[in-house]
Structure formats: structure tokens, C-alpha cells
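Each structure below is given as C-alpha cells.
Each of the next two complexes has chain A plus one more chain, namely chain B in the first and chain C in the second.
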Partner chain A sequence: MTHNLLLNLRAVIGRAYPRIVGQNRAPTWVFYDILLPLLAVTAFVFVYRALNAPPEFTGFVIIGGSMLAFWGNVLWGMGAELFWEKNDGTLELIMMVPCSRMAILVGMAAGGMFAASLRALVTIIVGVVLFNVRFDLSRLPMLLAVFVLTMIALYGLGMLFASLYLLWGREAWHINNLLMEPVNLTSGMYFPVRAFGQMLGLIFSLIPLTPGLDAMRQLLFPAQPMGLIPVRYEIAILAVLGMVFAVAASRALRYMENLAKTEGRLTVRWQ
Partner chain B sequence: MDEMSTQAYGQPLAIEARNVRRVFKVKPTKSQPAKETIALDGVDLQVRSGELFGLLGPNGAGKTTLIKILVTLLYPTSGQALVDGFDVVTQAQAVRERIAMVSGGETSGFGLLTVREQLWMFSQFYGVSSTVAAQRADELLKVVGLWDERDRKVHTLSTGMRQRMNLCRGLMSDPKILFLDEPTLGLDVGVARDIRAYIRQWISEKPGRTILLTTHYMQEADELCDRVAIIDQGRILICDTPAAIKRQSRQATYFQIITEPLNGTEVTLCGLPGVVSCQSRLVDMGTELRITLADDGAIAHVVGSITGQGKRILALQKVEPTLEDVFVETVGRRFGDDTQPAA
Partner chain C sequence: MAMIRRTLLALRTSMWLGWQVESNWTDPFLFAVYSLVRPLAGVLILFFMFVVLSGGQRGPMLNFFLVGSALWPYVVNSLQGIAFTVVEDREEYRTIRYLYLVPVPYAVYLIGRAVAKAVIASIAVIMTFGFAVIVLGLPIDPTVVDAPYLTVSFLLGFVGMWAMGMVVAALSLNLTQHAWSLPDAVGGALYLLCGAIFPITQLPTPLRLAGSLLPVTYWLEAMRRALFGLSIGSFPSLSNEAIFLRLVLSTIGACIMGFGIFAWGERLAKTSGNLDRTSNY
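Moving on, here comes the complex of A and B:
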């Protein structure tokens, strides 16, 4: 068991390495992945100011914009990565190695987290410096717990998506495209999800971003009671989602891999 | 581990395929009905531990399909495949710990990493410690002549350099069984020679190392392999040492003839008594013919036919049969002629 643990840990580090190093060696991502998305965040801030919304709404936008970085990393940095690796021919080599598939995906996630975290941090700094957002950090431990649980659930979902790419190619790519904007909407990326009403809000809470964002906003801006449900329930939802997605991802990866190998589609490129 | 796969010629088996079939189903489209392609049609194969085994066949013969099954990338439709005694379907993890694969024309990896970083990264997927990985990478890079390029980014490498790096990548985990799928494909003569030399060196360094090499370069198989299997249309046709395979062809004799340009009239030679087959190609001086005869005496008919057309014979020699000759005899066409039978 120790041998397997060490093997998988090395695999995580190995797979994260090119992501981190690649970002330093091709720094144009700073413009495309950090500066450009700030424009969307800024636009929403000005919309709320024009509508004379409470100042906390600017904070809502900043938090949503920062979490968007992680959602983008889940969709494109993890799920779709297997599509590119299939086209590049690296997927064959990865599927032949003795470490677990989850370790490879965790490595991808860890490597992508570096850029995503940097983007999130820049968004928050801009919010604080340019837009004068003030966060209440009195419940920082709970905030960190919510953040970690959201990440676990989100990346578990990302692994589930990644399994689709083992079997499909461009179809899964299109699904990624389809998911981006609807999830932005239903998770309340730039507005409190309570605006949908209790029932719809709860349904949308199946997407980890929804309860995660809502809980973080309640903790950071307690003066503005715009939460969907109490934070402790959202923490419970995130914990359950995290476990469900992790288990589902593990099974889906195995199932999709077996199906792809049976049908001979695992290494078919330009699908 | 499968007990039955230990014995062949008293030596353990590194690779064994038992009646392996692989059928690909193509889904129907608007213009085409559903169809099935039989890529492997009951392949039986045994590769001994320590052997450098060649799998020879034209494009589409089933070589890569068989390799993909053996390296756990594809399931057989029926039959069983074992690598180092482990079933490739039910014991895939054990198989993966013991193997590596290098393919010709491989463009895998990450262009922004340096050569050393690339090798280190792949070694991590096999659980090799960083210290051992660094040492091994340095040794391998020196052996294949890439030491000076160790800090170059992968996307700046030439094709030959890249393939040498790929070979190093395959060896980083010190596999027990190495699968080489057309490793010299598209490489120039010098680089291909270096790679072949290193392959020979690698297998001889440690007992128990086994290589399964697929190629459609007959000379490569002849030069490198202890035993060769010729595969075509998903079936193993012959399996033996290159010398034994060529001896099978001694029932025929081979002549190489260079003539003035025949301009297509060489097709008439195949109808002559005693002529088994005739391949031709244009060369600088004219037409080069490689003729298979049932007996030496039939050469007189060939010479007579050529001179009867008013063409001069510039060179004529009797040659040893090659693996390609055996292939043509067995299959009825050259390696390059996927649809045309020999003239």
C-alpha cells in the first residue's frame, strides 16, 4: 500500500510539473487568463453601481469572478486536457503507466490550481484596491473550510467530465462549451442565487459552485442577508457532493476506460 | 500469474497470445452500412524471455493492434494475451509495471519542457525516485548522443533527436519488456542505425530483458531479431528465425537483373516457364528486376525474352533470398503494395 501511495504521489507531482513550469515559460496566459477576464468582472461592478445596488454586491461580483478561475480550470484544465492529450498522442503513454488515473488527474488539477489561484487572487486584489470592497474575515476558518470543500466537489466533478473524454472526443469538447455559460448563470456567478427563488436555488445547489459561492458570500458579507440557506447546510451539501463526485469519478473513469478499450476508441485521434 | 505461460523451449515466456481476435465495428452512417473489420484473426504467438522478437508486416496487417492489446490499450475481442505471465485484461496493473512502449513518429510530451525534464516527468508515472531518474536520464542521454541537448526544450528538437529522446523515455522505468512499434519510422539512415545499435546493446546488458519490435523494414528485422513473425491481414503466416525463414525459400532461386528501360514490357516475364514472380523498379540506368525462379535453368527464358525485345542486360546476379522474398512468396505481394499482387 505504501508503494502504491508513493507511486501515485510521484505521479501527481510529475503531472503537475509541466503545468506549473509551462506557465512560467509561456507567460501570455497572464494577459488572456487574468487581465481579460477582469474586464467582465469590472463590467458587472459598474452595472451594480449604476443600479445603486448595495456595496456588498460589488463584493459578490469579485468573489464570483475569482471562483470563475477555478471553474474554468476544472472544465478546460482538467476535463478537456485529456482531449488534447489524445490528439497529441500522450494519452496512450499515460494510459499505459502503472499509477492510477486519478493521480494523473489530481496532478493536472494541482498544476492548474497555480494559475487559477493567481487569477483569483488578482481579482480579489483588484476588488479591494480599485473597488474598495471590504471583506469580513471574522469567520476565516469556516470560510477556508467552505473553500476547500467547494474545491474538492468541483474537481471531483471535473474528473467526472474527464472520464467522458476517454470515450468521446469532440462531443465532450462541445459539452464543455455548453456547460460554461449555463453554470455561470445557475451558480449565481455574479449575483446572489437567491434571486432564482428557494426551490430553483436548491436544485442548482447540485452544482458545487452554487452552495460554495453562496456560503462564501454569507461569511464575507454578513451584513447583507442574501443567502439561500444557512451556511451549515451548504457545508453539508458540499461535503456530500464532494464524496459523491469523487466516487462517481473513480467509477466513471474505470467504466469509460473499459468501454473505450472494448470499442477501440481510447487512442483514436481527431474523433 | 498464469502457470501455463512459463514453458516454451524450457524458457519462461515474456509474451504470449492465444488465439487473439480483435474485431472493430464501424457504426453505420448515411452513406455506409455498419461493418466489421477483423484486425486480428486468431493470432497465436510466443516470445521467450530475453528475446528480441520481430513482428513484420505491411501497413494494416495488425501489428499495431496486437501491440496495443499487449500494452493494455485495447481489449481483445476474444482469446487471451499474457505479458510476463499476467493477463492483459484482468491483471493490467501488473502488466503496466513491467512494460514500456516507444512508437515511431511519436510526438507525445510537452514542448515547453526540456529533454531532461520530460524524461524525469515520465519516470514519475512509474514511481522512479527523482535521484534514480536523474542518474538514469543522464546515462541514457549520453548513450544516445543527446547529452548536449539535455537542456533544450522538446519542441526545438529535430525528428531524429525526438525519437532518440522517446527511446530514452521508454527506458527510464527500466522495463522488463519493451515494445517498439516501428521505432525507426521516418528517420534518416544514420539515426536509424544508431537506434538499432542501442536496441541491441540494451537487450544484451541485462538477462531477461525482452523486446517486441514491429516494423515493415525487412532489413531491420533481419538485422536485429532473434526470431521474426510475419503477419498479414491479422494472421501470423510464419514464425521462425530470419535464417530459417529465408531457408524456407530455398525452393526458389532469386536473380537481380538490371536492363535498359523496359517501359512496362517486364510484365510479360511473369508468364515465362519457371518464373514464380517478378518485381521491377526504375533505377538510374534503366529497370531493375528481382525475379523469383522455380529453378536456375529458367533464367535462360528470362534472358532470352529480354534480349528478344532488343534490350541489353546491364547486370545479372544470383542473390540470397531476403525476408521480403519470403513474404512475397507467402503473401503474393510486396510490402509496399497493399492492394497489388506481384507482377
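Moving on, here comes the complex of A and C:
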């Protein structure tokens, strides 16, 4: 038991390590992966400026833009990761190691979250410094709880994607592309999700970003009451989603791995 | 004459290849959905950003958003597409060295691939415009549309976008670690600078000046003017003729710079050994 726990913990650290260290070995990623993507987020700030929107809306964009870093990481760093490993010929090695596959995925999540957190942080700093965004931090503990629950649910979803992508070939790339803008829309990345109406907003709350972002905006900008439902309900939704995605990911990973093996597609590259 | 024929044949072949690579991963229905969903979501994001403030009212600014957003797939597919082709050939399919073995300039092959991407983008653009007109109430009045201005500007815009795409391709040829990120990042920068979703008059002066050098800025402005006449725009003080002249001049500049930088970048990639260096990044 203890041996297994230690083994899996080492696997988590081992998988997270190259992601964190790799960033430091090529510091140019700060320019390509942090500063340049910020420009697209900034464009949405200017949209609200063109509309003479209240200053809180600039804050909405900044918070949405910072969460975009995590969504991009979930799709490309988690979902598509096993697909990349397959194409690079390293998936076989991952399948051979004597630890839980979930430990590998958790390690991927931890390492990826590091880079995404830096990007999110830079987005927020840019918002504060360049666009004079002011956050209300009076409910910081609750904000942190919402953030952590959002991350758990979001990366649980990423693990679920990773298992699905085991079977896919080139579709994985396209499905990832397909999921970017529609999720930006349905999660209300750049506008309050209440604009959809309550029914649609609740349906879209199956994506963890939607209740997570809405709750964070309610907590950070209480002067602009545009929340979908009270924060406590959104916390409950996030907790449930986190548990459901984690269990589903674990089962789906086992199922998809077996299916890929029986169909002979586990290591087929460039299909 | 034989060279022109060979170039045209190469263009046609790379267009066909581009179409196959882009579309044969799934069935036509799913491909059509895939082509449509992203731009449609982009349009709807701006629509909801507008209505959440206007309370459901329409206005010229909404038209500005919708047209820019609906046309954006052309920029993504044409400009970013060229650079992604380079990265895919080198990193994913690992065919770039074989492409350099064939007796056709790689630049010609890239333009052929870009044309295929523009054709694919047309599916999205047409359907998105249809959705914007029918569902979102984009008021396009055929009696107002300046068809000759629209057609000439529209076609000229592609030359500028492809030329700018060659610059990004040249950089991608020489980047090993961030080649995947670069095209998206450049697209993001253009989204900010060229008045795609807001008039560039909103930008600080240095960024506005940078945007004023890009052919895509004048292309989008010309498209809006051709569809709606003089309305909200990035250059309120300029006439349609002045916008067209600037589109021509910036396109010529982009061509000189684009193909010049591509030739330099290609040479540099060969001498540095980066041309077929896969990074597994």
C-alpha cells in the first residue's frame, strides 16, 4: 500500500518535472506562450472600450483571459498529450511503467498547471497595470476555494479527454481546435454568462469554466451584479463536477486503453 | 512558358493535397460542422458582448463586429495556415525534406496549400454571414453593396494575407521550439492590430500606427465599406478610394517583404540545419 502510494507519487513528480524544468530551459516561451497570446485577450478589452462599457467589463475580460490559459492547457497539455506521446513514439513507454495511469495524468496536470498559472498571472498583472482593473478581494478565501474547485473539475475533464484521445488520430487535433471558441462562448469567457438566460446558462454549467468564471466574477466585482446563480450553488456544482470527472476519467482511461489495445490502435501513428 | 505551366501544375497539385489533408480526416458532414462551429462561436461571442450592454438593441457597431468576425476565418486560414503548413510538414508528417526534393519551389507549394485553406474558409464565411443575416439581423442591403469595390478589394486582400503568411512561414522554418505557438500568436496580434473586432481608433498611437501598415486592416475596412457604405470604421476621415489605394500599396509592400523574407528565411534554415529539424516540442 505504502509502496504503491510512494510509487504513484514519484510518477506524479516524475511527469510534472519535465514540464516545469522544460520551461526554464527555454525561457523564450514567455514571449511566445504568454506575451503574444495576451494580445488576443487585449483585443476584447478594446471591444468593450469601443462600446463605452463600465470598467468592470474590462475586469471580466481579464479574468476570462486568465482562465483561458488553463482551458488551453487542459485541451493541448492534457487532452491531446497522449496523442502527442503516441505520435512521438513514447506512449509505449508510458504504458510499460508499473504505476497508475492516473498518476501520470495527475503529473501532467500539475506540470501544465504551473505554466498556465504563470500565464494567468501575467494576464492579471497586465489587466491591473495597463487597464487599471480593480478587484474586490474582501472574499479571498471563498475566491480561492472557487479557483481550486474549478481547477480540480477542469483538469478532471482534461483527464477524461486524454483517455478519449487515445483512440483518435488526426481527429484529436481537430476536436481540440473545435473545442476552443465554442467553449469560450459557452463559458462566458468574455461576457457574463447570464446573457444566455438562466436555462442555457445552467446547461453550459456542465463545463467547469462556466460556473467557475461566473462565481469568480461575482466575488471579484460585486458592484456589477451579473451573476447567473448564487456563488454557493456554483461551488456545489463545481464540487460535483470535480468528483464526476475524476471517476469518469479513471474508468474511461482503463476502458479506452483496453479498446485501443484490442483494436490495435494504441500505438498507430499519423493515422 | 514551360516554367509557367509547371508552376500552375504545382499550384494545382498542392491545392489538391491541401484539400485532402484538411478534409479527409472525417466525413463531409462533420467537416462542414467543424468548419462552421469555430467562426460561428467567434461571431456569437461578439454578439453577446454587444447585447449584454445594449440590452438587445442593434447598431452600426454590432455590424462592425459581425463583419470582422465573420471574415476572420480567411485571415486564420490564409495567413496562419501557411505557417502551420510548414510546421506540420516538418514536425508532424515529417515530409519537408521530400517536398524540397521535388522540382517545385516550396513557396509555390505553400501558396497552393494556402489557396486550399482559403476555399475551406469560404465555406465557413458564407455560412457565418448567412447566420448573421438571418438569425442575428445583420442588415446587408444588396442595393447598397458596392460589388466591384467588394470583389477587387476582396481578391487583393488575399495577396496581402498570403504575403504576410510567408513572413510567418519564414520564421517558422527557423524556429524549432515555438513553431507551433507562433502562427496562433501572430493571429492574436493581428486580431488586436488590424481592426478585426473594433475600430483601430481605440488603440494607443504606436499600436494604431502599426495597424495602419497592415494590408489586412485596409482589407477589412474595404469589405465593411463595400457592404454598408461609410459607417463606423477604423479610418473615418479617409475616402473609399484612399482606402483602396492604401490596400494596394500595403499589399505591394507586404509582397516585397513577404517573399524577400521567405527567401532569406529559407536560406537560413538550410544553412543552419533547421529546415528538417524535428523538435518533438
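To be clear about the criterion, the second predicted complex is superposed on the first by the 271 of 271 C-alpha atoms of A that agree within 3 Å, B and C clash if a C-alpha of one lies under 4 Å from a C-alpha of the other, contacts with A are read in each partner's own complex, and residues count from 1 in each chain.
FYI, a residue touches a chain if its C-beta (ideal position, glycine included) is under 8 Å from a C-beta of that chain, and two chains touch if they have at least 3 such contacts.
Since the model is a prediction, treat every value here as computed from it, not as a measurement.
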Report clash or fit for the pair chain B and chain C bound to chain A in the combined superposed model.
fit
Here the angle between the directions from the C-alpha centre of chain A to those of chain B and chain C, rounded in steps of 10 degrees, is 90
Taking the superposition on A as described, I'd like to know which of chain B and chain C A:88 touches: first, second, both or neither.
both
Is A:178 in contact with chain B, with chain C, with both, or with neither (first, second, both, neither)?
second
Thinking of the overlay built on chain A, is A:26 touched by chain B (first), by chain C (second), by both, or by neither?
both
Is A:17 in contact with chain B, with chain C, with both, or with neither (first, second, both, neither)?
first
Classify the contacts of A:69 with the two partner chains as first (chain B alone), second (chain C alone), both, or neither.
neither
Which partner chains sit in contact with A:6 here, chain B, chain C, both or neither? Use first/second/both/neither.
first
Which of the two, chain B or chain C, is in touch with more residues of chain A?
C
Which superposed partner A:261 touches (first chain B, second chain C, both, neither):
first
Shortest span in Å between Cα atoms of chain B and of chain C, once chain A is used as the common reference
7
What part of chain A is shared between its chain B contacts and its chain C contacts?
26, 88
Of all residues in chain A, which touch chain C in the complex?
26, 28-29, 32-33, 36-44, 46-51, 53, 57, 87-88, 169-171, 174, 177-178, 180-182, 184-185, 188-192, 194-196, 226, 270
Seen from chain A, its contact residues with chain B in the complex are 3, 6-7, 10-11, 13-15, 17-18, 21-22, 25-26, 88-90, 92-99, 104, 258, 261-264, 266-267
Spell out the residues on chain B that touch chain A in their complex, using ranges where they run on.
22, 24-25, 68, 71-75, 93, 96-97, 99-101, 103, 106-110, 112-113, 117, 120-129, 153
Quick check: in the complex, which residue numbers of chain C touch chain A?
25-26, 34, 37-39, 41-42, 44-46, 48-54, 61, 65, 92-93, 177-178, 181-182, 184-189, 191-193, 196-199, 202-203, 280
